[in-house]
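Labels A, B, C, D, E, F, G and H are assigned to the chains in the order they are written; within every chain, residues are numbered from 1.
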Amino acid sequence: MDVLVLFGSGSDMAVGEEIKKIFDKFDVSYEIRIASAHRTPAKVRDLVASAEKRGTRVIIAGAGMSAHLAGVVASETLLPVIGIPIDSGPLKGIDALYSTVNMPGGVPVATVSIGKAGGKNAALLCLRILAITDAGVRAKLAGHREDMAREVEEADRRQARG
Amino acid sequence: MDVLVLFGSGSDMAVGEEIKKIFDKFDVSYEIRIASAHRTPAKVRDLVASAEKRGTRVIIAGAGMSAHLAGVVASETLLPVIGIPIDSGPLKGIDALYSTVNMPGGVPVATVSIGKAGGKNAALLCLRILAITDAGVRAKLAGHREDMAREVEEADRRQARG
Amino acid sequence: MDVLVLFGSGSDMAVGEEIKKIFDKFDVSYEIRIASAHRTPAKVRDLVASAEKRGTRVIIAGAGMSAHLAGVVASETLLPVIGIPIDSGPLKGIDALYSTVNMPGGVPVATVSIGKAGGKNAALLCLRILAITDAGVRAKLAGHREDMAREVEEADRRQARG
Amino acid sequence: MDVLVLFGSGSDMAVGEEIKKIFDKFDVSYEIRIASAHRTPAKVRDLVASAEKRGTRVIIAGAGMSAHLAGVVASETLLPVIGIPIDSGPLKGIDALYSTVNMPGGVPVATVSIGKAGGKNAALLCLRILAITDAGVRAKLAGHREDMAREVEEADRRQARG
Amino acid sequence: MDVLVLFGSGSDMAVGEEIKKIFDKFDVSYEIRIASAHRTPAKVRDLVASAEKRGTRVIIAGAGMSAHLAGVVASETLLPVIGIPIDSGPLKGIDALYSTVNMPGGVPVATVSIGKAGGKNAALLCLRILAITDAGVRAKLAGHREDMAREVEEADRRQARG
Amino acid sequence: MDVLVLFGSGSDMAVGEEIKKIFDKFDVSYEIRIASAHRTPAKVRDLVASAEKRGTRVIIAGAGMSAHLAGVVASETLLPVIGIPIDSGPLKGIDALYSTVNMPGGVPVATVSIGKAGGKNAALLCLRILAITDAGVRAKLAGHREDMAREVEEADRRQARG
Amino acid sequence: MDVLVLFGSGSDMAVGEEIKKIFDKFDVSYEIRIASAHRTPAKVRDLVASAEKRGTRVIIAGAGMSAHLAGVVASETLLPVIGIPIDSGPLKGIDALYSTVNMPGGVPVATVSIGKAGGKNAALLCLRILAITDAGVRAKLAGHREDMAREVEEADRRQARG
Amino acid sequence: MDVLVLFGSGSDMAVGEEIKKIFDKFDVSYEIRIASAHRTPAKVRDLVASAEKRGTRVIIAGAGMSAHLAGVVASETLLPVIGIPIDSGPLKGIDALYSTVNMPGGVPVATVSIGKAGGKNAALLCLRILAITDAGVRAKLAGHREDMAREVEEADRRQARG
């Protein structure tokens, strides 16, 4: 399994769907699991340890509010950890952003955009990391970049026609 | 030991001094320890487990930035956990406040003021909790309240004299 | 009565329901009352004074906007006071959070999450405090923690099945 | 005594000096007192009640952090209450601003600028209120406005000369 | 006319309704006008000048976004000016709050709560000001305070019955 | 005179110096004046009217706190108005930014960076506007762009040498 | 073509409509194009270069979230660039505002209001710039200002009739 | 060269020093360059293109204010890009954080902590990425983690001795 994806709650799965779409298209071997840094801390540690044993290369962790999941995972592994701040609760993800990104020096979390855009960008950042040593992934990423450009072109044309 | 006090870094000890002053005056049995949720997660768990065995009744945890310490402690114990957001780093404690207070439903952290005032209030909140079943502490708290009122009175008089 | 729960307005009762659910499940003796720090300050003081006489051990206070209720209660009693910032009004609870948590040194308020999650966590924090000297409550809290873990496990399984 | 001025702490007196300067220049009868909504709530109520008896027309209240003083005063009197949010503590007065201004409907606080500018503006707002029925104060206010304009003119000239 | 009420836009009239309800109940002589500091600056000045001639005692000004209306009015008159920050636009009134409240020293605006609660509180603050020299208004305000207390009592009873 | 530069207070002249340096280098005919939207509103209007008569093409306005100056100027003229939010006061320019930029639809202010960088950028934006029809200014702007690039190159080399 | 209008995404066209309405009414020659600073950076540069060749005088650029579009355009041209921060995503345009306005000294972006009001104001700011040397546009702007004033007058009358 | 490190300005080199210290200790082949997304956009593109040719595996980009550097780099390469928001300017890095992290879906930036802690964490995140396929780096990272733990232990002991 190349990538372990963790979410702190079942209600975060709208963000998870963004990851699924991309990883399925790129044929990445991954697993999405739900485990809470606060409600099931031991399970989080077990999943991280078992992922390391199974050769996982990157871990993605998404959580809302006092989002500690990515930081907790980063403290248990030396793999790169990507954190997605999720916009649940009244503060709309500002709390999750600050909790995820502003880690004290020593334990980094690679934080991406808040919410759904973050799900998409977490998957793409992960692919960029895998692509360093995997030319196949890199080629697919180049294709994806062309697709994005084409979508912008189409939106531009649609707009022009009014 | 009645109270375990944890700080995420040695640089947080200015806040720790506020706690010391109060606990020493109240004859509380306590221990201040430094342990980082991110750099020494196992040490945090060990300190919490050992504190529980030694009959600790309340845990205070102070940390800055993506302050996960109080939340991590609260996920490892059923004791009441008091969190102090510390104003280190460029966001001046807003990050630590959001990371500490806005815990998802299920694992509470009793958050107090940011920084030094938070150190003082963490100690006093802890004493209010101990005072529920300890008339001696309650009497001292009443005395402390009178001292505070007297200080305000004196400031008022000093101000009047200009 | 073990716990007095105060809300500043009838419109805060969605948060109150979260507390009811937990306290009823834990057989806590409690009373939920509505009293406003600004519109009925004397009533707030009376409720606090009468709660103290009836042996109340913890007071929970929830309010929105310039949320002064918890601070006002904390200034009238030496019992531990738990404050819930409520997300009413255009600032979505940021105002209530700052008003509740950032108390000047000397009068602590144990602040929990904003809004509904705060209702849940206020009740659970209160139970952790009562559990210090009540093994029955502690056992129930341990059971509750297992229930939460089970719910996460189920969400994890549901997610796996897609 | 026309105006009662309250501050929550002796450390707020830099703001108080701004008020003194203006009131002394305008020959307003006033009294500056220090009383804390949290540390001496009864004293706050006593000062308000006694001010009402002495014919006070406006109350000014300045406090920092979870600044409850103005709101608490406004709940104890029907006189107009002017609140000054003071920039003490790490949040630099944002907390005091939200705590002072965003009062629930029913109990108004006339909030002015944060910090020293707020001290000045609280005094001038108070004078505008007194001037409604006092032509002498109004004439002095008009003079003060001319002085301010002259100062701007002078700064403009100084700037022109480089 | 005792009170001039200005709004920057017709879309602010939901806040205006809160003022109407209170002023009609209190028999205040007032006028609500729409005039924009930016789109009709001369009209704003004319309304202020004419209000002064008609013996107006207080001016209320509500606006959203870069809310300059209250500040502009305050710079044109020596009457007390009450500012209501309105929560229109994506920033939900934070922009209007900062624009209204944080006036440089010299020209005060008495700022009240954001949005509808601000409408209510602007009217009540205005009445407190008028009540300084009008015992009739003061008596009605005392009655209003009792009504508010009664409403809280009723909400408390309703809540108790579940 | 091509450009009128207004500041709300003499204390804003550190920002004014940034403008001077650039305009002097570009041989722009300009005048820096101090006039306050709140303390000298008529003077602001007079300066704007007289600038229009003297053929001014762009007005720059810088102010701090509830920065109304740029908006007030924009409501009095149809010339393009550039607003500089100045970081005076405890909110460090956030208040001035919101007050300057978030103008209701109909009266635009071209807002630039907060503080000193804003002074520089206001001057350069003004030059870009003048350059539309002035090839000489455009050529100098191209030269300035090259200078900036050279400075970056030099910093790069200095850094390389350590 | 006088004005090039760029949006970072097809979903920003609600803001684009505000621009269309005004430019069509003013007979400005313009083109609205969609091009993303991140997904199609080369296309952005091409559009800017080609606009310069076609005699474009002003470029408007609108984008949400980490809105880099206006800054990127400003780094590629010496024409005045107007930036519209768009309120897409959970941060409601605060992110786009900071990304657009707070440009380091040297490369200015003329930032207008967030969202729809920003679309309107970008168009009107652009017209003010064009009007410097185009008396026809200036006359139409004066007419537009009168229309706005009339709308306010009508809202005022409508309000008066209740 | 394994890692290209870009800063938008020479004044960001305090953050650069944190990276140097770690990379020198880990024997990473890297280059620190200064290039501004706004003042030297072509240089940024050249450095990225040349880095790709030289086999660079990760790019780190640090910038303050409207920090566009990391996003611009990410739009020009498919390598993983790590962004450091730098706390220059009056907003203390909040602007840089939002500009760096909240990228629209499609072009990810791996954002780390604000300022100096971010420099350290950018280097360590980069090493975690390189360690995926480099057992030597991984071993050194494990050693670094032990060093960090030892430092915490020592701080704990020092604290205990008072």
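Criterion: a contact is a pair of C-beta atoms (placed from the backbone, for glycine too) under 8 Å apart; a residue touches a chain by one contact, two chains touch by 3 or more.
Quick caveat: nothing in here was measured; it's all calculated off a predicted structure.
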item	value
Chain B to chain G, fewest steps along touching chains	2
Set of chains adjacent to chain G and to chain H	A, F
Where chain C and chain F are represented by their mean Cα positions, the distance between them in whole Å	51
Centroid spacing, where centroids are CA-atom means, of chain D and chain H in whole angstrom	48
Whole-Å gap separating chain E and chain G, where each centre is the average of the chain's CA atoms	34
Distance between chain centroids, defined by C-alpha means - chain C, chain H (Å)	42
Multi-chain contact residues (two or more partners), chain D	9, 36, 39, 65-66, 89, 91-92, 94, 101-104, 106-107, 109, 113-114, 117, 145, 148
Sites on chain C touched by chain E in the complex	7, 9-10, 13, 16, 32-36, 39-40, 43, 65-66, 89-92
For the chain B and chain A complex, residues of the former touching the latter	8-9, 36-39, 41, 64-66, 68, 71-72, 74-76, 89, 91, 94-95, 98-104, 106-107, 109
Footprint of chain C on chain B - complex, ascending	18, 57-58, 78-82, 97, 101-114, 116-117, 120-122, 124-125, 128-129, 131-133, 138, 141-142, 145, 148
Residues of chain C touching chain A in the complex	87, 92-94, 113-115, 117, 145, 148-149, 151-153, 155-156, 158-160
